[in-house]
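Residue numbering begins at 1 within each chain, and the chains themselves are lettered A, B, C and D in the order written.
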Amino acid sequence: MERDVIRKVPLVKPGEPGMIVEEAPTEELAGYPSVGRRIPRRDTIFQVLGQLKYINDLSFPGMLYAKVLRSRYAHARILRVDVSKALEVPGVVAAITADDIPVNSFGPSLQDQPVLAKDKVRHMGDGIAAVAAVSEQIAEEALEKIVVEYEPLPVVLDPLEAMREDAPRIHEPRSNIYWEWHIRKGDVEKALAEAHLVVQERYRTQMVEHVSMETHSSIAMWDAGGRLTVWCTVGRITLARTDLARILQVPVSRVRVVSTQLGGNFGGKNEITIEPVLAILAKKTGRPVKGTYSRKEEFIASTTRHPFIMEYTSGVTAEGRIIARKVRLIADGGAYCSWSETTLGKATILSAGPYDIPNIALDGYVVYTNKPMTGAMRGFGAPQVCFAYESHMDTIAHRLGMDPLQIRLLNAYDEGSISATGQILHSVALKKTLLAAAERFGWEVKER
Amino acid sequence: MKHFEYFSAHSAEEAVALLQKYSPDALPIAGGTELLVRMKQNLIHPKVLVDITHVPEFQGIALTEEGLRIGSLVTHAEVAASPLVRQFAPAVAAASGSVGAVQTRNLGTLGGNLVSCVPSIDSAPALLVLEAQAVVFGVNGRRQFPLTELFVGPRCSSLTPAELLEAVIIPRHNLGKPTCFSKFGRRKALTIALVNAAACVETNPERTHFSQVRLALGAVAPTPIRAYTAEAYLAGRPIAQEVLLEAGRLAAEDAKPIDDFRASAEYRRHLIGVLTRRVIEGALAGMPKV
Amino acid sequence: MKKRGRGIACMWYPIGFTVSANPSAAVVKVNEDGTATVLTGTVEIGQGSLTVLAQIAAEELGISPRDVIMVSADTDGTPVDTGAIASRTTYVTGNAIRLAAKEAKKILFEVAAPMLGVRTDQLETRQGRIWVIDFPQKNISIGEVAYYSQVKLGRPVQGSASWNPPTVPLDPQTGQGKPFNTYVYATQIAEVEVDTETGQVDVLRIVAAHDCGTPINPMLVEGQIQGGISMGVGFALSEEMVFSSNGTLLTSSLSNYLIPTTVDMPEIEVIIVDNYDPTGPFGAKGVGEPTLVPTAAAILNAIYDAVGVRLYSLPATPEKVLKALREKEAQNNTASSTH
Amino acid sequence: MAFTIKVKVNGEWKTADVEPEMTLLELLREQWGLTGTKLGCDEGDCGACTVLFDGKPVNSCLVLAVRADGHEVVTVEGLGTAERPHPLQSAFEQHGAVQCGFCAPGMLISAKALLDANPEPTEQEIREALAGNLCRCTGYTKIVEAVKSAGRAMKSSVK
């Protein structure tokens, strides 16, 4: 296929010196062609002057500040919630609980997440009640006056334990296993039986957080005509609008969602969090209401990266060709689904690695635990499986006495390779990246 | 942060009088890097803060007849940059330089760090091996005692609510002795020590045997501690790898590390061994050639 | 003792959503002064998407990226966009904007052709002007054409378009199908130094070779790769949310949840390999997420190369590395004593 | 009891009535509208709120506003203007050192303090001076390059 761009900026070919230009890193803005140019980000000048407004830099006359009371337990029944004492605090204008929410559930795949917990809390990040006050300080102090009676339930933190039949059910009566993916290609058992060497390993990864430097922040305001505007740090405004309209039971056209430049996202700001609470408090008070997450809330009350348990079994020939790979993934899905369904899907599809393997069996499961919900995070299941399949490749290479670069080159996808899901791949530059990195690094092939 | 009353004291007398007046609801504040974080985290709620930043008696670094006096309000940045400290107690300068990051070191004070009595404070071990004295000012005047006696337990000092740490004094006879400080954290900056250690080493003139070694450790017991068993063992022993290894082992026995999410007690004990050896070697390396 | 090692890891990563629809729509208006305004529902999250999208619009229209005004992220005023997720913005939103710009350009050509006395297929745009191919003396500014079109002909120069990457759902039993339209590839090589006394791992150097199709803005691509690697270094060595047995998070502040600081980051060498994807705007695919995918694996493979221990769980804390070293020593001792 | 304080902010004396528990960061952002300084963690761990306090970088979330009485504070808004940006601001833009930009104001302040004291820092000195400013987007590579380049620019403009 002929390329339709005239390239004036030479691309770096493997082995050439880097693209970092010391004194003149960027190019004349007016240059042509436009594609391929090292142009600074358009808002950088405002950022470095301190002029760019992020959501938490905005305020409106009469604006109130909201804070959410989080659960004391990771798993418990809620017997009673009483906000009356909080309402007595001078400066508090409104307080709400689950009873104030028209449709108290949301989520991108499964609507299994409450805006504020009603009967049950499933992790310590669950909100139970919220207040709006004239200052953040007063809102925070008012939270301490809210009375919640709990009946603690057994806590399940380990996904393997959560998978057991007798484990406490986090979303009773449903099983804790809430999504599965399966991919089959060829005959993996037969190929394993015929393999020269079979290598079996199990890998695990931890729960991590996005740590955007900007925490979640939003402002909700209703106009006299009954339309809601939400200024927020959500990176997906269309979805946010749909979710808000459903929760509030208003037509989508009555909700306007506006975002500014986000102070980092990395997948952590892909769904609504505090926005419905703000919208309801704003409706109740008739005033704009702002809510900004504390750093701690970023960890406990927003999404995180799924911990994975990954079992890999590979059959290889004496020459190092991988002829069979079996993978079983168990993802710790936290208390709510969020983006788990798709994260697990992407992880499962990618889990055999970028290798031409004729016989493949891949199974993925995601389970509920009483931990912060796991959702979208940069890489979406791929960093976990890559850690496993690339460590596994080195183990295989080591067992065969092969060089890690060579075993990869031998098995790597190429133009026209067929993936685990039977897709014919195009624009495949894997070997190019292997060779380019190896050459720059000065990788000398060592036969062991 | 919850509301509190604020007073700024301009003399030591005024500071302790205010503290006494509002005791037990008053706390002194200097750099605030530790106190304000705990207040923001809702862990403590003092009703009164007495700002001692401007108390003149607690300022400055000076060489006196007694030794090197470092005022409690001297910031970590000032300690780390002080020519006097760098010359006469380089491990103390290094320890202050390892606290937090530039921003923390510009606000946080040596005295504030010490009186917090957090087991992992970076400034303690180096001062302990130099046998620093604590000068304390209270309503009944000054008292002075070995710095070790300041530390009672985690976040618990021997000061009464109306007493303030005025200064630490490194005694004259220990100035310029070979010292070394080392900190092991999980990150290279902005990190809490898993273990920190300091040594002050004296040898025979031929540099074949230890004459006297003082060792101190942090983050491995309820308070910063001296490793007395290891010190006693080293006195008079030859300077040799197996001696250092044994000293490390004994130092680990002197400690009472805990298991927490940062590291296991077992790993901390192992690190004590490694760091003990490293600080002794570091102090030896800093000695002038024989 | 300090030991050095090297580790390699490669990866593949899809661009766009897993099977489900993820459209982007765009409007491109050519203003009477020859500038253009792009309306997009995507959200700038720091990666520089608005800059890259402006470059795509500018390239298609033949104007300077400086002359493109970006309006974004308002559900009342901007067209539907699935958002800055799945490394899809350059590819999916970029395609939509390019198609919208093409629509606008079509109007420009239809208006300009009679003005220049040629057919529309004889025209091209470059440097803010419409040129008759092979007759550089015959040209007219885009602003002049846009003004004439809007004010005299009553035909504002505006294009709108949407794009959704074609996929085929996976068979529920076999998982066969086409979950994504395209993929990118990358290899990272890490060099580490392991302190065998403490188990501490220092990452000294990372070479990262990435395929993103055509890099629309190589400087921003480098920034994405460097930043992704820092997230990968944290994932590999220090970041971990740790819970007590009752489910309390013990690492809920940035003093005990440890992301890399300046002094924890190694030297990073970025290579953008030459590639072109005919399905992307000007051959571009994407780069956001893949940047951190192979980092941890490369570092852990380097640890193995340095000291011969395989860590099966992340993060590779000094304590874990030391424990593995001790276990290996114990095994070696047993092995040597039984032989 | 509220205190009336006077602070020299970006070269200009300003007064404010503050409660004792108000931090300098809150004073700057909420009373004076100087929102360039960012709130990232509120516990002194991230450096997003770094300002110069009597010329030294500090985390303004850990300074009580009353403490600023009679002192001098410089925020990112005081570094330069669109017409006359500080060399660091230009270098950050030209080198692509900013992505989401949330750490940039604090990072610039720390870098300014470094270059004011040491116009020709080594890479290690730059990294150490910026170690208290967390950035999640850039991996710091281009930030370090930008500081180096600004140092050179400042030095040559002095000559």
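For the reader, a short list of remarks on this structure follows.
In the analysis below, contacts are C-beta pairs under 8 Å (C-beta built on N, C-alpha and C of every residue); 3 or more make two chains touch, one makes a residue touch a chain.
Bear in mind the structure is a predicted one, so any value in this text is a computation, not a measurement.
Contact analysis places A-C first among chain pairs (by count of C-beta pairs in contact).
Note on chain placement: the centre of subunit B and the centre of subunit D lie 30 Å apart, centres being C-alpha means.
Rounded to a whole number, the gap between the C-alpha centres of subunit A and subunit D is 31 angstrom. Here the CA centre of subunit A is 16 Å from the CA centre of subunit C.
The distance from the centre of subunit B to the centre of subunit C, each centre being the mean of the chain's C-alpha atoms, comes to 47 Å. Shared interface positions of subunit A, i.e. residues touching 2 or more other chains, are given as 20, 25-26, 38, 40-41, 43, 137, 211, 261-266, 295. Contacts with at least two other chains are made by residues 45-46, 48, 219-220, 222, 228, 231, 251, 253-255, 259, 261-263 of subunit C.
Touching of two or more other chains is recorded for residues 1-3, 101, 188-190 of subunit B. Because contacts link each chain to all the remaining chains, their graph is best described as complete. Only residues 1, 3-5, 9, 11-14, 18-20, 25-26, 29-43, 73-75, 123-124, 155, 157, 181-185, 201-209, 211, 234-239, 241, 255-267, 269-270, 295-296, 299-300, 304, 342, 345-346, 348-350, 353-354, 362, 370-372, 376, 378-380, 382-383, 386-387, 389-391, 394-395, 398, 404-405, 408, 412-413, 420-423, 425-430, 432-434, 436-438, 440-441, 443 of subunit A touch subunit C when the two sit together in their complex. Residues 1, 3, 19-21, 23, 42-45, 47, 50, 53, 56-59, 62-64, 66-67, 110, 113, 128-129, 131-134 of subunit D touch subunit B in their complex. Considering their complex, residues 21, 29, 34-43, 45-46, 48, 75-77, 79-82, 85, 88-89, 92-96, 98-105, 108, 134-137, 145, 149 of subunit D touch subunit A.
The part of subunit C that touches subunit B in the complex is made up of residues 197-198, 200, 238, 242, 250-251, 255-256, 258, 260-264, 317-319, 322-323. Contacts from subunit B toward subunit A in the complex involve residues 1-3.
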